[in-house]
Amino acid sequence: MATFNESAAGVYLITVTPFTSDGALDLDSTDRMVDSYLERGVDGLTILGIMGEATKLTGEESRIFAGRVIDRVNGRVPVIVGASAPGFAPMRELTLSVMAMGAAGVMVAPAPTLRTDDQIVAYFDMVAETLGADVPWVLQDHPVSTGVQMATSVILKILANCPTCVMLKHEDSPGLAKLSAIRAASARGEVRRVSILAGNGGGLFLPEELSRGADGAMTGFAYPEMMVDVCRAHAAGDVDMAHDIFDAYLPLARYEQQTGIGLAVRKHIMAERGMIASATVRRPGPKLSATDIADIALLTRRQQRRLREIGQPS
Amino acid sequence: MATFNESAAGVYLITVTPFTSDGALDLDSTDRMVDSYLERGVDGLTILGIMGEATKLTGEESRIFAGRVIDRVNGRVPVIVGASAPGFAPMRELTLSVMAMGAAGVMVAPAPTLRTDDQIVAYFDMVAETLGADVPWVLQDHPVSTGVQMATSVILKILANCPTCVMLKHEDSPGLAKLSAIRAASARGEVRRVSILAGNGGGLFLPEELSRGADGAMTGFAYPEMMVDVCRAHAAGDVDMAHDIFDAYLPLARYEQQTGIGLAVRKHIMAERGMIASATVRRPGPKLSATDIADIALLTRRQQRRLREIGQPS
Amino acid sequence: MATFNESAAGVYLITVTPFTSDGALDLDSTDRMVDSYLERGVDGLTILGIMGEATKLTGEESRIFAGRVIDRVNGRVPVIVGASAPGFAPMRELTLSVMAMGAAGVMVAPAPTLRTDDQIVAYFDMVAETLGADVPWVLQDHPVSTGVQMATSVILKILANCPTCVMLKHEDSPGLAKLSAIRAASARGEVRRVSILAGNGGGLFLPEELSRGADGAMTGFAYPEMMVDVCRAHAAGDVDMAHDIFDAYLPLARYEQQTGIGLAVRKHIMAERGMIASATVRRPGPKLSATDIADIALLTRRQQRRLREIGQPS
Amino acid sequence: MATFNESAAGVYLITVTPFTSDGALDLDSTDRMVDSYLERGVDGLTILGIMGEATKLTGEESRIFAGRVIDRVNGRVPVIVGASAPGFAPMRELTLSVMAMGAAGVMVAPAPTLRTDDQIVAYFDMVAETLGADVPWVLQDHPVSTGVQMATSVILKILANCPTCVMLKHEDSPGLAKLSAIRAASARGEVRRVSILAGNGGGLFLPEELSRGADGAMTGFAYPEMMVDVCRAHAAGDVDMAHDIFDAYLPLARYEQQTGIGLAVRKHIMAERGMIASATVRRPGPKLSATDIADIALLTRRQQRRLREIGQPS
C-alpha cells in the first residue's frame, strides 16, 4: 500500500461516520462506506475529523469505529485519525489506542486558544512530544474552524522542530499564496519537503492548489471520484481536463459546502448512492427540507449531464 | 427609474470604490464604473459597503464619492448607501448627508456586539428612529462579517416594528431555509412582504435563492452581467438556462470569493475589463501575485469558451 | 446532608484537580483537598469544571477522580459534576457514570456555537432529554467562557421547559440586573423558584449578588472560608460584616482572577496552605515567576493583618 | 508642563465624554470635568478612548470635543487623543486635526483583524507612517477589546521599528509577566526604554504594575485621586501605604469595572460628585437601576469610612 510519509500523494478522503436512523453507530454501513471509497480509488482515509462528527462520539464509540474502519481497510491504504483534543492526555490516549489498532498516523489542529506565533510553535512541540517519536502526524491548518492563523514562518518552524510531522492539510483561505510560499521554502532548501494535501472544503480550490504544488487532496465530498479524477488528470499533465472535471462537479460541491447543512447534504447524497444506509446526522444537527432535497436532485441531474458531455463516467 | 421600495427587484450591484495607483479617490474611474454597471443592466447600485472599502475612507471622501456616483447615475437607478456605524450619531450624519444628495436609501447591518434576540430587535428600533420616518432602508443579514445571527423570528419582528425597512439583503449561510421561512410567513399574512435580494458572496447561491423567492441579487462580482442574465432567465421561467449561465461563471466567481484577496481579484478583473483605471486596494490590503493573475487569466479564458458553448455573449 | 435541589443554598465550591509534580492525578491530595474544603464549611462540591482542568483529563481519569471525591465526601455534602461536552453521547456517558457513583447532579453550559434564543432553548431541551428524568442539573451561565449570551427570557424558558434543572450558576457579567430580573419573575409567579448560586470568578461580586437574591456561591478561591463567612454573615443579616470580610479578601481574590495565571495562583496558595501537595497545572498551563510568588506573599500577609483588624480568624 | 515623551510618568486619565440629558455634547461639563481632573493632580488626559464613547460621536463632534478639552487644559498637561480607526485615511485625518489644535500625541490599538506576529508588526509600520514623523504616539495593548494578542517580542519589534512610539498603554491580562519582560529587555539594552502606563481597567492591578516598573497609570475611574495617591505613595517608597489606599478604593473600582454598565456607574458617580452635569451615556447604552444606585451609595459610604480609617482625605 501507499505509505503515509512525507511523499504521500493522491486523495486522502475525509470520511463521514455512518449512523442508523436512530442515531447508533452503523458498523455495516461503515464497511460499505469504506469499500465504496476504496473502489473509487482513494489513496488514504482520514476518520474522526469535524465532518466525521468526532465530538459527538463517546470515547468507546470512537475506538469501535476506528477499529472497524482499520479492519475493513485491512492495510490497503493508510488510515489517519483525527486526534485534536483540548488536552494532551486525551490526545495521547486516543493516539496510542488507534496506533495499536493499525492506524498509519494522526491529525492535529492548533488549540483554538492559541494566538501568538510562539504560542503556536510551543504548542506543536508539546503535541509532537505527546504523540511520541513513532507516530507520524498531519498538521491541520484550518483557521475557519480553529480561529488560529498560522503564518507561513510558523508552519516552517513547526516542520523544522517536529520531524514526525510528515504532512500538511492545507485549508487556510486565502491559502494559495501560503501554499506557494511553503513550496518555495522547500525548493530553496530552507525546510524539508513534506506532503501537502489540499483541504479546502469539498476541494473547492483543488485545480489551483495542485498547480501550486499540492500533492493531492484531503477533504470530503459525496463524489470522491471528483477528487480522484481531477488529481489524475492533473498528474497526467492535462490541466484543462482537470478543470473540466472539476467544473462539472463544482455546482454540487458548492451546494455541499453550505455552513450548517453541508454534512446533511453529503450524507443524503451518500445514502442515495448506496454508500451508507441512513443520512442521519447526530443531534444537534440539521435536517434537510423537501426543497433542499429537490435542489440536490436538480444539481445531480445537471452534473450527470455535464459529465457525459465531457466524456466522463457519471 | 425603478423605485427603491418593498417591490424592488433585479440586481442591485455592490460597487467597489476606485482608487488611483497612489491610493487617492479616482473620480474619473467612478464615472466609468457607474456607466459600465448601468450598461450591463443593473437595477440599482449599493455603495460604501464592505467591498467598497467604506471604513478606509474619511468622512469627507465618503461624501465626495457618494455625491459623484449619485450625480453620474442621475436618477437612472436607485443608489443605496451603506450606513452601518458603531454609533447612531455618525449613522445619522452620513444618512442625512447622502439623502440630501439624492440617495434612495441606506443599508444597515446589526452592530457586532449584539447577541440576544431582544438586543437585536431593540437595536433596529433605534436604527429606524435614527434614520427617521422618511428614509427607506435595507436590513443587511451577514453573520460572517458581523458575527450576529438573526433568527427568522427576529427578522420578522424587525419588519413588523420598522415600516421604513423595505428590503432584506439576505446573506446568511445556511440561508436558503431562512429565505423560505420568511417568504412563507409573508404568504401566511404574518408579515408584510418586503423585497429580498440575495447577497451571498458573488451570488454563489443565486439560482437556488431565486427559486426560494428572492427578488434578485444584491452583491458584487467583476462580471455583473452574470447576475443580470441569471435573474432574467429565471424571471423568464427558464431555470435550466439560469443554471447554465450561472455554472459558466461559477469557477471565476468562486475564485473571486477567496477570503482576503477577493476584492483584489475583483478590482484586477475590472481594471482588465476597462471598468476602472487601477486595481489598487487601499492599505492595509492584499496584492495579487503573478501566479494569482495567471490563475485569473486561465479561468477567464475558460469562462469565455463556456459562455460561447451555451450561446451567451462573453 | 443538604439536598441538591431547588432549595439548595450556601457555598458549592468549584474544586481544582490535584496533580503530582510530574502531572499525574494525585489521589492522596484529592482526599486532603476534600477534607480541607469540608472542614471550612462548604455545602457542596462541584468538580470537573473549567478550573478543574476537566478537558485535560482522559475519560478514565475523569471517572477515577470523580469516584475518589465522591467516596471521600461519603454523602456529607452533594457533589456536582461538570458534564458540558461538544456532543450529547459523551455528556450522557459521563453523567450515567458519575450518577452511578453517587454524584448528586451535573452542570451543563450552552455549547459555544449557539447564538439565537431559540437555538439555546432547543439545546437545553435536548440536554434535559439526554440527562434523563432522574438527573437534577445546574444551568451554567458563563458568557466569558462560552461566548453565549442567554437573555433573562431564555433562562426563564429553560426553567419552564426543563423541570430537572434545579439550579442556576449565575456568572454572567453584567449579571446583577439579570439576577434581580429572574428573582422578580419568580416572585410574580411566572416561573418556579430555583436555587441561584453566584458564580462570578472568585466571588468578586458576592455581597451584591446575595443582596439581589442569590442563595449562595458556586465558585472557587484558595480561601473558601471567605465565601462561607460572607454568606453566613449575610444570612445573619449583618450586611456590613459581610462586606468587611469580603473586602479583606478582595485584593487577593482579584489577584487570583488574572486571566491565564489564575489557576496557578490558586493552586500555589492551596499548596502553601497544605490543601494539596503540588501546585502543578497540567500542560499547556502557566508557571508562576518568583515575582508572582512575592506578590502573593505580600497580599497574603496584608490579608491576614486585615482579617485580624476586623476580628476574623486568619 | 510634563512633556509627553518616553519619560512620561504619573497618571494620564482616560476621560469620559459628557453629554446633556438629551444626548448632546455638554461643553460646559467638559470644562468642569477637565478642571476637576486637573485639581486632583493628574499628569495628562487621554480623550476619545473606548470609555470616551468615541465611536458614538460624529467626526465634527470629535473635533469640537477635542478642541474644547485642549483649550481648557491650556497647556497645563499633555492631551492624548484616541485615533484607532478601521482605516488609515480616517486615522490620519483625525490625527492631523487634533495635532493642529494642540494635542500632544495620539493613541492607537491594533486592528481587530490582525492575527500573526508579522501582521501586527507590519500594521504598526503603516500606522507610524500614517501618523508621520512628528506625531508621538501610545501603543495600546488591550486584547479584551481588540482580540489581538501581542507577544512581548512583537511589542519590542514595534518599539524598534517605530521611533515615534513613546509610550505603551499596558492593559493585557495576564500582563504582569509581560510588563516585567519588557522592562528586562530595556535593562539588557535590547530596546530603548519607553514610558509604560498601566491601563488595566480602573487600575485594578496598579500596585503590582508599579512594582513591576510601570511609570504610572493610564486608565479611568470616578475617583482619579486613587490613581494619583497610589502612584505618589509608591513613588515615595511607601508600598504599604500605596496598597492601603488602593484597597480602600478597590470595592468600588471593582463595581465600576462591570462589563456593560461600568461606564454608567462611572458617570453616575461623577455626576454625584459634581464633575459633570448628567450621567447620560449615549445610546445604545445602559441605564442604572435603583438597586445599582443603592449599591454604589453603600460602597461609597464604606469607601469614605475606610479612607478616614487610614488617614486619607475622602
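Order of writing sets the chain letters: A, B, C and D. Residues in each chain are counted from 1.
Note that a residue touches a chain if its C-beta (ideal position, glycine included) is under 8 Å from a C-beta of that chain, and two chains touch if they have at least 3 such contacts.
Owing to the predicted nature of the structure, the values given are computational and were not obtained by experimental measurement.
Listed by label, the chains that touch chain A and also chain D are B, C.
Same-residue interface: chain C and chain D share over half of the residue numbers found at their contact. When chain B is fitted to chain C on its Cα atoms, the angle of the rotation, on a 0 to 180 scale and to the nearest 5, is 180 degrees. The most distant chain from chain D, with centres taken as the mean of CA atoms, is A.
Between chain B and chain C, the centres computed from C-alpha atoms are 48 Å apart.
Chain B has its Cα centroid 33 Å from the Cα centroid of chain A. Spacing of chain A relative to chain C, judged by their CA centroids, is 39 angstrom.
Multi-chain contact residues, meaning those touching two or more other chains, do not occur anywhere in chain D. Viewed as a contact network, the protein chains are fully connected, with every chain touching every other. Looking at the complex, you find that chain A touches chain B at residues 173-174, 176-177, 180, 204-205, 208, 211-212, 240, 243, 246-247, 250-251, 254-255, 258-261, 286, 289, 291-292, 295, 298, 302, 306.
Remark: chain C residues 53, 55-61, 85-90, 93, 111, 122-123, 126, 282-284 touch chain A in the complex.
Chain D contributes residues 115-119, 148-151, 153-154 to its touches with chain A in the complex.
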